[in-house]
């Protein structure tokens, strides 16, 4: 028998991934986007925004551990963390697992996504929205970073891609990263999702270059995420802490000391995997020298 | 304008990848399979067998360097190499780049694929079919390994997946790997493609286990291949040489010394990437203990 | 921007229709089937059972007028009508539009479909479920026809296709049609949906032949239904009334006299269209001589 | 086993038909379009231009008999016929079947399509390109009609849809139809394909209105074509002969007298089917009053 309900994710007009949906759990629209909670036949429950799978039960831990843990370990003793975006609640979940963390501020623009996540995605947030260390702000992360005076040990950007139609592109330009840098406490670390280095190498490279033009140290890394049918990239940056220094650390011991609960993806070996970028990707990323600014931003196809 | 010619690769009945085809270059059938040469809109020219993209111009080098080079470097001084399968001619191309190699025997079952590759895939074989060091045998790799008495420094299995309808499953069982081991000269090394560890973790794990039950040392590794929309796995084995030892070597220096021409994918960093398998994949692969035998073979879905 | 939510209806493994879904309104499962109410981008709201679009707002009137009106006009003065299936409530809507009708018994097996239709498909039933002339029975139409003694002027079979996995095939065999005939009052008329004569000509022809083996008069007819992306067939039969006689009647006048409200599809010209079956289809249908029985039923692919 | 080669015909961004291809026979590009000859799994061999199936072996006779025969029968004694387009050679085949026909001029813009049809589509043209009555002109039908002085009994427009990117739109405007009218001999008849009345009702209606604004008599008709997954429309027009008069004729006798060989689709009953347009379509078509002119042409989506 053939499957009939499909979500087709178009990478470009000439390629797409099709995933059969077992059950539609929620379908609504907010001011910002179309929101679906589906149960995929193979990937389990998932959050889908504007037709893009944001994370699926089968491997959301890969993305979220990869986004959060290298940054917080690089800092060493993070107490105050700012999360921009991260509606599912899994990014704050990973942050709150760090024993040193005393305060997390999460700024997300879409209250509907938060409500839907609270109701339908308990496997993601695991109660994090109720953690007394969390301060949840519904609002524009761009404005928050520019206007609010509070500083943080680590800032994590878990945002939508910089599509032309949406507001997120302002959070991928030099001016924004300069504002982020000013919001970091001494020894502070910044990490952002940075689109797919194989599907959108130019975008990924420009995000890296732009961050590198602001911070003294910046590294790109990536990992395969099955529910994205591809690899996903990140950029980790700091003025005082060199991401390269993580390779020399005993990451497994740090994880055991600093993080409550058990990791499923990230450890010393996974770290080596993510930060060892194959030659042709390194060459492609490093051949691109453009920097995104408010006047000349970078966009990804919707 | 919408694309209209598509190849849809079904991973399972519930997921597929769609790639638009710009031009159909060749379409025929052999005794063994349906053969197409297409030009994808995004992946360039590609060989497609029974609807599965075998390799595409945009990144065939990733797969072929990953398959060949770790094995030949692990051996150290390979003179005689046996390639089973590898119809495109890119596997022998990579083997023939090694300065030490004096003789390559390639055994492929399908003469039509060879002819098509010679005619339509010059970017793959780059004249390798005319190299005087090559001996090309059209025949069954299984029979060749069992019946022929010649021994080799390295044996490379670049074969179709073990689907139930096809003959390849016999080249993924313990009895076959025992025969392979007998065909190795002292210090000999064996490497095989081993399906996708994320799409078919059970098959990948059984191939690894079966090889490990025959050889003293065996390691699994994998790499993302964009034209497969996923990661692809390999198993590298030997009685005398431990694949783990490669991590300690100066791979970049070895490449410079031993291999003609320039690599596009493989170097010390790419090696670290491939052989550093993330935790959840290691745990999944190592939790599976089954071994494939002629009486109890392993199959992948067609 | 590309559409991402799709229902793909597979006619066969080698052909399919894709329709983009704007909104998922309801998704559930009953004992009998998977039930969805969706809003298609182009077809409007629709009922989808097991992945098959049953009827869509944009043209449900074509199917329902075509199913009901020729049969009731052929009868001439229908007072008691039995509807088997017809969960949306649009078949009884059309029946209840006939001024002569005093009683409609509707027998549908799936109470969940009825509840969903009552709640989500008011445009279909238009309050018909509350009409005092209606007696709604949740139960097996096959059993009802065999066991209940009440007789009717017209019997309408608006049932699922006779797929192998489902129970409906028993309502497409000679024994069932003989039971139907016994439930007709003198001058009684029977009509059934009869699958697509172009997509499933064999099934359509066998349904026709089987009915023709039981009734003195039987005619097949069909009409294009855009939301099915094809033509849909029906068989109209009676012992006393010849469907061919309708061609000679002043159908437009009869419609005006006998039916409340306005037709959107059916009139004298549409009748001529439906009952004038092109030559190659007539020849194909009439070349098939098989009759379906309980021992040798007819199936359509799921 | 799943099919992997597909042609997806997008009706709109929100709906598509998928057909599996068994074999790619020819793939090329001309100055005007991308040309493919494929063998569909279900529809047999087919000509596909710019991704649109023009006609398939399984039912090309439906379209071609429907296009040609009513027009030539309406004329009564056609001796000279002009065919614009019709690259497959099946339109001239149908014209040449008429015993009265002494000369056919066929004007097609694309010599590559003609060559491909001659070589790969013998079932379509059946040698018609070699009929001594045929004069084949490679050229622009628009120019030919405006500049050439020869007159014809019947003119048949078997052209591509009026897409915005292509040149065909000029053959669907009032000025062109006025030129066509001047090229008709006394008693002359014009027929044109007129897109799908259900998929593109506005375009179909405007073509009808435009022709009606030029000719005294004009009728629209349509028929379901399985290989188009929908119904296809035509407009038949004349100053002296009323298409409605065909309904009163003994079409079966005329076919026997005037046409060599046997029809597969068209006869008196099929005629009644095609010219009896259901109410909602009549109302939709007749509600549209726009006329296409060179300054204000009608387009269909590519």
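Which chain is which? They are A, B, C and D, in the order written, and residues in each are numbered from 1.
Quick note on the criterion: a residue touches a chain if its C-beta (ideal position, glycine included) is under 8 Å from a C-beta of that chain, and two chains touch if they have at least 3 such contacts.
Bear in mind that the values here come from a model prediction, so they are computed numbers and not experimental data.
**Student:** Please name the chain that ends up farthest from subunit A once chain centres are defined by their CA atoms averaged.
**Tutor:** Measuring from the centre of subunit A, the most distant chain centre belongs to D.
**Student:** Nearest whole angstrom, what separates the Cα centre of subunit B from the Cα centre of subunit D?
**Tutor:** 52
**Student:** Could you put a whole-Å number on the gap between the CA centroids of subunit B and subunit C?
**Tutor:** One centre to the other, that is 55 Å.
**Student:** Report the inter-centroid distance (CA atoms only) between subunit C and subunit D in whole Å.
**Tutor:** 34
**Student:** Can you list the residues of subunit A that touch 2 or more other chains?
**Tutor:** Counting only residues that touch two or more other chains, subunit A contributes 2-3, 8, 13.
**Student:** If I apply the definition of touch given earlier, which pairs of chains qualify?
**Tutor:** Result for touching pairs of chains: A-B, A-C, B-D, C-D.
**Student:** Which residues of subunit B touch subunit D in the complex?
**Tutor:** 1-10, 13, 23-24, 27, 36, 48, 50-52, 302
**Student:** Applying the document's contact rule, which stretches of subunit A touch subunit B when the two form their complex?
**Tutor:** For subunit A paired with subunit B, touching residues are 2-3, 8, 12-20, 40-42, 59, 61-62, 198-199, 223-224, 226, 229-231, 263-267, 269-273, 276-280, 282.
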